[in-house]
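Per-chain numbering from 1; labels A, B and C assigned in written order.
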Amino acid sequence: MSVSRAQGFDITHKRKLNIAALAVHGMMILSALVAVLVTVGIVFSLAFEAWLFFEKVSFWDFLFGTNWSPQTALRADQVGASGSFGAIPLITGTLLISFIAMAIATPIGLASAIYLAEYAQKQTRDVVKPLLEVLAGIPTVVYGFFAALTLAPFIRMTGEGAGLEVASESALAAGVAMGIMIVPLISSLSDDVINSVPQSLRDASLGMGATHSETIRKVILPAALPGIAGSLLLATSTAIGETMIVVMAAGLAANMTLNPLDSVTTITVQIVVLLTGDQEFDSAKTLSAFALGLLLFFATLALNVTALKIVKRFREQYD
Amino acid sequence: MAYALEKSDAAQLGPSEAVASDPALISAVDVDVFYGEKQALKGISLDVPEHRVTSLIGPSGCGKTTFLRCLNRMNDLIDVCRVEGEIKIAGQNIYAPEVDVVSLRAQVGMVFQKPNPFPKSIFENVAYGPRIHGLASKKSDLQGTVEASLKRAGLWEEVSDRLDHPATALSGGQQQRLCIARAIAVEPKVILMDEPCSALDPIATAHIEELIDELRQKFTIIIVTHSMQQAARVSQHTAFFHMGVLVEHGKTEQIFTTPNDERTESYITGRIG
Amino acid sequence: MTDSFTQHSPHLANRHAAEIRFQWAGRVAIFLALAFLFVMIGSIFYKGTGAFWRTYVALDIDLSKDAIDPQDLAGASYGGLVKKALKAKFPDVKARRDRRKLYGLVSSDAAFALRKWAEENPAELGGVRKFWFVASDDVDVLRKGGIDVEGKESDRRVSDKELKWVATLAAEGRIEQRFNWAFFTSGDSREPELAGILSALVGSAWSLLVCFFLSFPVGIMAAIYLEEFSKKGWWSDLLEVNINNLAAVPSIVFGLLGLAIFLNTFGLPRSSPLVGGMVLALMTLPTIIIAARAALRAVPPSIREAALGIGASPLQSTFHHVLPLAMPGMLTGAIVGMARALGETAPLLMIGMVAFIADVPQSILEPATALPVQIFLWADSPERAFLEKASAAIIVLLFFLVVMNLIAIVLRRRMEQRF
């Protein structure tokens, strides 16, 4: 039996090694690698400078010291010549302002999300959602400007009208502005999460005579809780890392206080203060900014990783 | 005819009982339902007798679910849905303006096609209704209600030692019985079931069917099913829907043995559907 | 259970009341957020629109041969001529301190403006001529109603005498508000009435240019790799987690990275749009990758199958068929990323783009500032007139953001129609 070979039907031919294709592949891999390199770059550069800092100031003094006054003396023999680098007042200041921000943003963001997801007519949603997104799109320098020049004087005036002593750069002013800035972050994520709770759970609850709000409070929110918690963690991380609002509206003095009417300073404010203006290279003062940066990076990273993990697990649950 | 009715039905009801002689708890008169422009139900008039199981059968898309959801006004939740006509339960028009849907639904409970337990513990699922309706003032009352409901739903033996376990970990059949327990915990007059066994295996289905028969003593049950065998097994009355109209209704035995309408005949012999 | 569906028990009434309260809580929350938005934007527009106009003062300048010698234009004392005109207008002002105040009614720019005019129009010299000069910032603020004239003299920046002079000039029609073109055509200045946003705008433009040309190609290549070529596994997981986390790293940390690596290690020029753009590019990269991946995912698989089906290699299929379809989506993501980069301030402070920059930067290597940084600098300044400038600069910034986002929305609409 003879087999005739079909003419021009050659499927074994190997394409020539294509240099251009290889180069494109290489470039793509390199580009993807940039993302990793940035992370590595952040960790190493911060860690390196911070390490130089910890050669001058002990790690424990930094992390648990309660006095922050980084100014280095003009003369070597001056009192407190080395400055003092206890980060606790900065941490408490950061937490105080973030707490105020979350105390404002959580109820407003959650209630808005619930209303938009569960009650609002389509027309209302179509108007309100983009407007809330606008809040997220406004640069933080604008919030800072408003907080420092309108909100802070207003709070001060109101407070003094009520016989309270209010610092002109109160933590409250920065916290409120930051809170509003975070609202869209919480509301849009929570809105998604609430919408992904299956309709069958709503039906079950409504079908046995629960009111809509009972259904929301007792069935939908508990079911959506992990996702909502994730969005709150992300929001907290944003608050902790926010810079311009606090640079413009919060104070410089490292007070350890929980009074929202007092002035406090934050990690980000100090980083900016330490690294703008005249810097002496390799002085403890300049290097301390990197130690603060490292602290900030790991704090926000921990929050983000946890938040993303929680949200991902939540998504998988209802997919 | 291929369907043999279970003896129990015949024994309990007796051959002399006619449809008309069963007192109607629910009576629908000339009900039209629209989804936007589209009419899903046309002129439905149906009486549902008390303490009986009534099954709604018909090809898919004929409006069974729509009718069922009219009875506890779950259709209110669909924006485009409009209901016309009159539906009375125990003599009251449930679409009258002074009716409170919350208390209506408390008395007309519902079990859904897919088991939908809340992502909470077994106990919390059953306790949910009594809690929101303020039915149990003391903790011991609540525990009693939960236990009684689970017992009635035939689930108590299986879960009594793990009431605090998540309900979502139960098997499909157990979940559906839990949903029934959840519905009866608020002591409704009527339980609406929308293809409650369609997601279950035959053994779990048999369990639920047995349960439905027992619940008839206390509740009036309307069940949507696509299985004619199931309708024959569990119900005393059957209504056949076709393309939005109620073709025929009567005693189950009669519908399955001597249907009046040829569409019914075609459906039960498997020619349409 | 009760038999009636209409009976309203107190318990039921409470539940319905709770329902109403709950809904109102939602409405109030939305109201609060939006009210804040409108008050903030409103107050900024209220404060800022004034800066688009500025006040001019008309003076009669002696242009005779004695004052300005046409043969020696550079030799004339233009400042002196302006002062002379003011002195002539108010001859009874004698005390030195008062005189200095009087001269302060017009901006220090007046002498330059006069000289420039004389150099450009030598033929028109001679006689007396009426000139409009830029007024000082105090007069400007005063004319715009920013000073409480009823209050105690010691509480305000403008004395009673100055008020009187300004009133006299105004009565003679010698004070006018004109559109402040200089706000858009000049750089920063120590004098608020002369300060403009051009240098900051150009600085921002340079930085965004650098940012776009770095982050867009890299972002797209990374996205294509992740969506179309990489196999699922620890490597793609690592990239994925990395990108998601980078998107949430505080922007100031990117600034620190830029300072430590680009400036201190690589020795790139401090304060330059090059470094600013690089830092912004790193920051924008995750946004672009995430948007580009979504755009790639939105391309129907049938397109790929069709391309592969006629014998295209995966690379050809991607670049010839999938990429063009995904491009509008990728551009949308890039524009949104650029808009965010345009508003970003903190990382630029870290790399020194926070200096006083009067001259427009001519390249990406010259020291520059950026629009949001300019806002920050002006907001920080003690002079009231600068606050108006800061508000006006915010208006300009918001204008650009609105335009960019509108473009993104239009692109997205187009794309939705296609698939």
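Operating definition for what follows: contacts are C-beta pairs under 8 Å (C-beta built on N, C-alpha and C of every residue); 3 or more make two chains touch, one makes a residue touch a chain.
The shown structure was predicted, so the numbers you read here are calculated from the model rather than taken from an experiment.
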| item | value |
| --- | --- |
| Chain contact graph, described as a line, ring, star, complete graph or other shape | complete |
| Chain whose average C-alpha position is farthest from chain A's own | B |
| Chain pair bearing the highest count of C-beta contacts | A-C |
| Distance from chain C to chain B - Cα centre to Cα centre, in angstrom | 64 |
| Whole-Å separation of chain centres (CA-atom averages), chain A against chain C | 23 |
| Between chain B and chain A, distance of the C-alpha-averaged centres to the nearest whole Å | 50 |
| Multi-chain contact sites of chain A, meaning residues that touch two or more partners | 211, 214 |
| Residues of chain C engaged with two or more neighbouring chains | 15-16 |
| Residues of chain B whose C-beta touches two or more other chains | 102-104, 106-107, 132-133, 186, 188 |
| Interface residues, chain C side, partner chain A - complex | 15-16, 18-19, 22-23, 25-30, 32-34, 36-37, 40, 43-44, 217-222, 224-226, 229-230, 238-239, 241-246, 248-254, 256-257, 259-261, 265, 282, 285-286, 289, 313, 315, 319, 339-340, 342-346, 349-350, 352, 354, 372, 375-376, 379-380, 387, 390-391, 394, 397-398, 401, 405 |
| Complex contact set, residues of chain A against chain C | 15, 21, 24-25, 27-32, 34-36, 38-39, 41-42, 45-46, 48-49, 107-112, 114-116, 119, 128, 131-132, 134-135, 137-146, 148-150, 180, 183-184, 187, 211-214, 216-217, 234, 237-238, 240-244, 247-248, 268, 271-272, 275-276, 289-290, 293, 296-297, 300-301, 304-305, 308 |
| Residue ranges of chain B touching chain A (in the complex, touch as defined) | 72, 74, 77, 101-107, 109-110, 112, 114, 116-120, 128-129, 132-133, 179, 182-183, 186, 188 |
| Residue ranges of chain B in contact with chain C within the complex | 89-90, 92, 94, 96, 98-100, 102-104, 106-107, 132-134, 186-189 |
| Contacting residues of chain A [partner chain B, same complex] | 198, 200-201, 203-211, 214, 218-219, 222-223 |
